[in-house]
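Remarks on the structure that follows.
So that you can tell them apart, the chains are marked A, B and C in the order they are listed, and the count of residues begins at 1 in each.
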Amino acid sequence: MGISVKLEMFEGPLDLLLHLIDKNKIDIYDIPIVEITAQYMEYVNAMDHQDLDVISEFLVMAATLLDIKSRMLLPPDEDEEGEEIDPREELVERLLEYKMYKAMAQELKDRLTDAGQHLYKPPTVPPEVAKYEEPVDLNRLLDGLTLRKLEDIFRQVMQRREDKIDPIRSSFGNIRKDPVRLSDKLLHVIDYAQKSPRFSFRSLLEQSREKPEVVVTFLAVLELIKIGKLSVAQEKIFADILLEWNPDNTIELRKEDLEQYD
Amino acid sequence: MINPQTGVEEVELERLEAAIEAILFTMGNSVELSKIAAAIEHDEETTRKIIRNLMLKYDRADRGIKILELEGSYQLCTKEEYFEQLIRVASQPKRQALTETMLETLSIIAYKQPITRIEIEKIRGVKSDHAVNRLIEYGLIEEVGRLDAPGRPILFATTEEFLRSFGISSLGDLPQASPEMVEEFKEEAEEEIEVET
Amino acid sequence: MINPQTGVEEVELERLEAAIEAILFTMGNSVELSKIAAAIEHDEETTRKIIRNLMLKYDRADRGIKILELEGSYQLCTKEEYFEQLIRVASQPKRQALTETMLETLSIIAYKQPITRIEIEKIRGVKSDHAVNRLIEYGLIEEVGRLDAPGRPILFATTEEFLRSFGISSLGDLPQASPEMVEEFKEEAEEEIEVET
């Protein structure tokens, strides 16, 4: 028989073995290992040896078969109870298990066809339902908010505003602000981190007054993470980002080095 | 047995009704009579009669959906009386919370009322319409008039609900912030100037 | 009059059935028992009984849809007997073809879940990453965690989509494989030998 085997015909070595067992009408519990091995090898030799990945799996099985074949020639081993161990036992179990899943796969395939005849419906939420908004529960909404807190918030808002309107500068009329320099921010963050080695990103940002400053602070932190001066952690999504100064990092940053960032 | 309304054999009618239900269900949107007729392999007139008959069945109390007729098309939809239950399933519970922005805005309005949106935005340094709108929606602030200035901007103030929610009887009971604080700011500013000069 | 199956007043029961129909119709997707129970304001046990009762009603010949149970969730779908009429109107749902390899891999995962890729490969005797990846892509399996073993390999299990695609209500309803089937194999094998000898 000229076996021009398409490897794709078989799912793998176990599939090929099952095919041979089937073809030869062999009792799976009493595989004539010499014959089967010979046939198996014939197939493997006829295979397209281009695809090494696939062929290697078939070769592993070939080795197993040869191993079983040689052990069949030796006096049988005995297990703890003194029963003879059939060298084929493990292979038979594997084949049976695999055969079972193959059968289940066919069973599932049938069900797939049947269930495929069910059609579903996309969600259609009526506009009246989609538009619905829960009534506001003011008690829950204001839970934990006291007048004292409200006053604090007001104070903070006013404070921030006062900070922004720098009384001295504003008295000079229009003054162009110095751009925020990355090198300065780097120094600042390094300084800050050395004083408090574990700190929150938010607390760092809170020291920034203007948007450009926040951006540059962020860039500085990114740079320090990149070179390993800072490590970064976040407990869960949207949680505060924790930064930690890494004292073991030996990269030296002199002021002149920092200026290259500007 | 022939069904007198539709002229279709009863057993066959049941099967056709079921097929129409399946069609309308799966399509979701409205389906033209002609399409339904073609699908069940009956003429349009008979199909229309079958659908009419089916619509009556949907009127039964144990059905939550009904058939709508829309210019010769048909569509399944839920009965309005079950919207309440639908809302419990369909609407994700939105956690209502006062955001930072809303808290700040509320505090400014509480202490500076009546106040325009522009003034609030000047103090906060950012747009605040969304926060103002939400606070109105929550009944914590309301429009109380218009400022006699160009554009006649709306003035906002806290509501009675605001007082009730915080358990105070009048705005006079708000923790006193303003005068000292203003004084404080003034002094700080003056000090700074002195240091500089 | 109290309905003996559900312990609910008949009139009320009809209203609840209608509400459940409205909910399942509107949502389209599967809805968890707990959500339905909350929506109709009954406990889960009673709700389950009502749904079971309702499922029987959907079996009637004049209904084209039915309720699927998917591991404690419920979803409406059309009855398979109307597929022919439906595809005349609706576009046929795209079904990804499953190759033998994928089916084998899927059946191993279905019966042995949660399972690692290595274990799958041990049973099949061949690499299976491609099949596993495709099955994930098709939404039939998903990662459900990691095995507490060296390398912490990913554990895979089937999804709700798997149940739906194969018409199975719960993993307990998977076609029984193990002992009887192995027995069957044995018998088959023995028969074959007898024929031979």
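By our rule, a contact is a pair of C-beta atoms (placed from the backbone, for glycine too) under 8 Å apart; a residue touches a chain by one contact, two chains touch by 3 or more.
Computed from a predicted model, the values in this text were never measured in an experiment.
Student: So which has more C-beta pairs touching, A-C or A-B?
Tutor: Between the chain pairs A-B and A-C, A-C carries more contacts.
Student: Select the chain at the greatest separation from chain A, using centres from the mean of Cα atoms.
Tutor: Computed centres place B farthest from chain A.
Student: Quick one: report the Å distance separating chain A from chain B, using the average Cα coordinate of each chain.
Tutor: 38
Student: Distance from the CA centroid of chain A to that of chain C, rounded to the nearest Å?
Tutor: 27
Student: Listing for chain A: what residues touch at least two other chains?
Tutor: 119-122, 124-126, 129
Student: Give me the residues of chain B that touch two or more other chains.
Tutor: Residue numbers touching two or more other chains: 22, 25-26, 28, 78, 86, 90.
Student: Which residues of chain C touch chain A in their complex?
Tutor: 25-29, 68, 75-80, 83, 86, 90, 93, 95, 98, 100-101, 103-104, 106-108, 110-111, 123-127, 164-168, 175, 177-178, 181-182, 185-186, 189-190, 192-193, 195-196
Student: List the residues on chain A that touch chain B in their complex, please.
Tutor: 119-122, 124-126, 128-130, 132-134, 136-142, 145-148, 150-151, 153-158, 160-162, 164, 167-168, 171
Student: Which residues, counting only chain B, touch chain C once they are in their complex?
Tutor: The touching residues are 11, 13-15, 17-23, 25-28, 31, 35-36, 38-40, 57, 60-65, 76, 78-79, 82, 85-86, 88-90.
Student: Mind listing the chain A positions that touch chain C in their complex?
Tutor: 11-15, 25, 27-29, 53-54, 57, 61, 94, 96-109, 111-112, 114-126, 129
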